[in-house]
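The data blocks that follow each hold one structure.
Heads up, the next two complexes both have subunit A, just with different partners, subunit B and then subunit C.
Now for the complex of A and B:
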């Protein structure tokens, strides 16, 4: 079946190369390459992860020539198509080249729909095919990464939310009601970078799997200082004000009754890291936060105030740009004169690592506070600075997470001693913990060291997490 | 709101600073943001990502020892889905740069549509410049200079072929616009005109600042 699949992919791509001879198709291909190239340049500037990711992305870009073998060799494909079978977005290659493959996907889905059934997941050899039907869109993942159906489905839902954040569910439904054959690429153009960067982030950022946010580790005093600056002089149409450094949350001002869903924040953070466009000016854009309200647009003011630190303000009023811009100036003045902005940049530059904690043989960990829907994890150190090891670690976390959250038989504790490292997964009513040790460490030490780690986290709780964010 | 005349109080210069709102329009990927980046930061990115929504920037140029012009620039995204937002940005604009790509003839047609819309809907006194960008790609040229020049003359537009990449004609473009602005009259006149032009009251302009307001 795997070979058959590859053949199918190959045929569809062969047909694409004949289409691809026209100039505009060449341009599109060039744009796609450019898009993926520039994505690597964005991610490469992020410290800590830079080396491994930029290498990955360079490889991707080189593989994107319409040579069929390299295309089907990618470990994980995502496809988005309309329910009429029109390609909307593909993670690799150009959308125009995958039309016949989209036809096959549509046929599979229709085959089940004819019996009032819907296809969810298929396994074929090492490949897993996950289908998410979100009328008028179909989202499909084809992966041989070993990720679970649940994780792949979550990822498809994030991609779907990204499309909603550009168009809203209302507009999306209306477009396809009016014209079932509509080519949605026209309306999404320019935002494909965000789908691209989300797909890459799924392999690096634990937040998507955990459904939680990572906060920047800063002292409580500094966080409060920044929070107070936000609480002062708030414009009347403001809904949320967020300070974010390197994709990590610093502080969030919100109305008492409306907290922000982590999924919406992930989309926001992905926007900031997924494109360089926000770094050069003050930006003002309509934006839908699907979990808050998938039907309507809010308006986002985005501005970088330090090298890696951005302010995001969400307003209900499309005319409030200058008011927000003035308020930002005031906030920056306050934070600059108190030295807080400088300290913030320092905190963003020097995160913590597992070796700082002083627990022998501890390599890495993830701790999620269920109450705060936030997680913390140290920066990666050797051996995980190497891309192969990093990927293995990420898959190990995914596997443990999947076992703890298995729908049929969830576990409270999961221990796996592997060839390269051992992992303990532990879930209680208040936290989720995943700890990775050297492979040689005995199980008893794993338990005592994990308890030691929990005490360390408790002690530093007010630095690692936002315990009370400013509200109004 | 519209042109704000600012008397500089400083002892060193007795000059005047005029402030104008400028909007950039045109099809996506013709180089609007690159032109602004060249003008404001004298910088060019080979791989620039699409503008999301609109970007706001400001740049000041001096016309002579006594006259300084500050442009407040709305660099709009060219994609179809932002089309309905454009009036929000051009409604109070004193000047506009409509950009096309000399290697894509369809982009000139799009530029003409923008010019028509501006002439119908924007301030009647708006100064419009047509910019044929990517002049460095002369070998792939699809729009002849004469064709665009003839159109610009007919429609009463300033016209430049520019290259954000090489900086060719970029400063000239913005300087010519500044010179075309009727500096002394604008400060008083356009205020009232703008009021009549905004029956819907949807404008994105800054709340009037008492310190540098011309009223």
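Now for the complex of A and C:
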């Protein structure tokens, strides 16, 4: 283990080795708050139980329930409850404190069900309440972010998939068939981290909205090198092998007939970002990939081979840990000797920005290649390094996506000129493109610049996307 | 979104059968309730339902359940959105709409979504009926606008709910509650069933947003009308507060008194449209009746009626007509002819709508009436209940002229000085007199 890793190991051991039970309780809460850190939610001190964390000296509240003043100031709430009304997970607040709210939700849902109807969505001022019923779970999102019902519903489905990935659908239905009042929190304990980090990721990652994955930009030769290292010496029960760097896909090895669904990959990436424990040592964990097979468990081997780069191996055999570990050593050796690993880390550190392309007035873009189900977007630079602007940009993308994909009136071309920036949305059979320009750019320039951008992307296609991943 | 229900395969349906039909969205139920009325602690308080109507008969416990659900939704959403509680609820099969007209008074309705049924062949080649609930066809703003429009119209004709019943209605007398219930029922029972949700989007500007078509006129004509209205206001003994002039054919606005707020003009125009419709319906019924009875009719002159007639004429007809003495308005030649829509006229036909404050209305002395046969206009609503006798017809063909009282926000002069939102709480009561001027071209009707 490198020095870095040792350091990280010691710090994580510190945080987890608790002295008194109250301390560990506080630590758990503290970690939970750090994970939940959506800066847009305004939090206030509650006398007697406050704890300041970061250099910002922002005080955060420990326990919340619908009675605290800050409850209505959060921009997006998520609730998961069982069909009997038992709380399972809530994004903000303590599960125990909101059980009455969950009861009300369950009553409302069952009221409509009695009439053979099902409630889908409610509007109140700026708030949207979206209900997703996935027996035996009910999922509710309450948002005043301006996101559309379709997006919120998508996010609820991702949360549901996350729960499935821990339990499998088979187990879930069986549990509730046997005991309808079962408290699912017992089975999920420890994995709420992932639900929390998923909620935060919705606001930062465009991949959920697009249903695609972001790839790291690396030269073709480097990618091929890594791919070759994977293709070599594959253990018998291996299903997938994935190299991830900084939340972006580098390359993956897959069976010829089964490609990995993007939502499964999102769950995997979320696992990596959601918990720091994977950084410290090799991990072996059972998990279910809902889109692949929602009924059974697979096993995942996760190990960080560089500062930000991890290798994830999915296997069908629960006893193959050592085999996979050996194979990982082999891969690391191959890559270090050729210097590929260092180059990879370098590439992960420097990402391209919009100004690198050399198109004036182009601020940011997202390009999704429909064929490869991957997308690329540059790093954010001024003015979007400011969180307010960044959020506005994110909402702008969401609004454009929503309008283009409207179920009743879908569009192919969409142009919105706003006060701060203008956006062009363009859908063809092979790609989806969203380009953001300065507010003052005339339409003709928008079109020529977008074409210019498309040419640039085409030229660099092999660097931006994974065109051929190794198969077996 | 669409949901598929597995029905038994239709026997003789062809491959790729076309749509099996479409049902329009229709009202499921509508209610007006106030949860503070009656015994608050009683869960099954039926007093809180001030009005309820549904497309089929519904037992009381179902009504209470629905109102209970409505309140539960309001409370649930206020926990997250204290400023604005629930407005619409989308369910798979219906749309629920809420509107809090006044503090604690709620208008609530449920609309069943339109259904489109069609058949497809699924993977096994079996025919399957798919039921699509057309959620996207019913626009949220439009259905909310319906409730707004209904309340505005009710307020125009009856004043606010709170004026009959105080907000915190614990102390309200049973009489007051009953009075309120009656007035609500009188208005809403007709009104709510008039809406065709299918054509909502085409009716948006006229019905939901109360748009006013304006009649373009020359500047000189506008000034002429302005002068006329000022002279009317000066000469008549009545205290006319506001005057509006509309085109009879399509009720487009020609002139309105600048002090009258545009929102009031919108509502008054709607009222006029209704009166016109009612009047023309009655005319048609009369025509039909007249052609059915071939007997000659003798006009019976009842002195009492004559005097009433002269009374009504005294403050309006001839005097007004003398002001409208432009050359194109020709008086009718044949006495006793029933005024009718003219075939052609160079000038638009006018309806003058007057708002008169109640105190002066009783004073009806006016100049003596001219020849009773001179008819150039007809009152659609007047200052007192009267029975106008058509001189050529038999006693059955009389028409009641009703009194219409309207409640408008205070004069806009006063409103402008204070903030618009909270200043005009008190409504002013007015009499609304509508006079329809008919131009009859010589000889023709």
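The working rule: the second predicted complex is superposed on the first by the 405 of 472 C-alpha atoms of A that agree within 3 Å, B and C clash if a C-alpha of one lies under 4 Å from a C-alpha of the other, contacts with A are read in each partner's own complex, and residues count from 1 in each chain.
Everything that follows uses one rule, which is that contacts are C-beta pairs under 8 Å (C-beta built on N, C-alpha and C of every residue); 3 or more make two chains touch, one makes a residue touch a chain.
Here the structure is a predicted model, which means the values were calculated and not measured.
For the composite obtained by superposing both complexes on subunit A, the positions of subunit B and subunit C are free of clash and fit together.
Look at A:72: by the touch rule set out above, it reaches subunit C but stays clear of subunit B.
With both structures placed on the common chain, the touch criterion links A:190 to subunit B but leaves subunit C unconnected.
Of the two partner chains placed by superposition, A:458 touches none, neither subunit B nor subunit C. Touch criterion met: A:408 reaches subunit C, while subunit B stays clear of it. Once chain A of one complex is fitted onto chain A of the other, the partner contacts of A:307 are absent, as it touches neither subunit B nor subunit C.
Applying the stated contact rule after C-alpha superposition, one finds that A:174 touches neither subunit B nor subunit C.
Of all C-alpha pairs linking subunit B and subunit C after the chain A fit, the shortest spans 31 Å.
On subunit A, the surface touched by subunit B in one complex and the surface touched by subunit C in the other have no residue in common. Interface residues of subunit A, counted against subunit C in their complex, comprise 66, 71-72, 77, 101, 104-105, 107-108, 111-112, 116-127, 129, 142, 144, 149, 407-408. Touching subunit B in their complex are the following residues of subunit A: 34-35, 37-38, 41, 166-167, 186-187, 189-191, 193, 271, 275-278, 280-287, 300, 318-319, 321-323, 325.
For subunit B in complex with subunit A, the touching residues are 28, 33, 36-37, 41, 45, 47-57, 75, 77, 79-81, 85, 88, 202-207.
The part of subunit C that touches subunit A in the complex is made up of residues 1, 65, 69, 72-73, 75-94, 136, 140.
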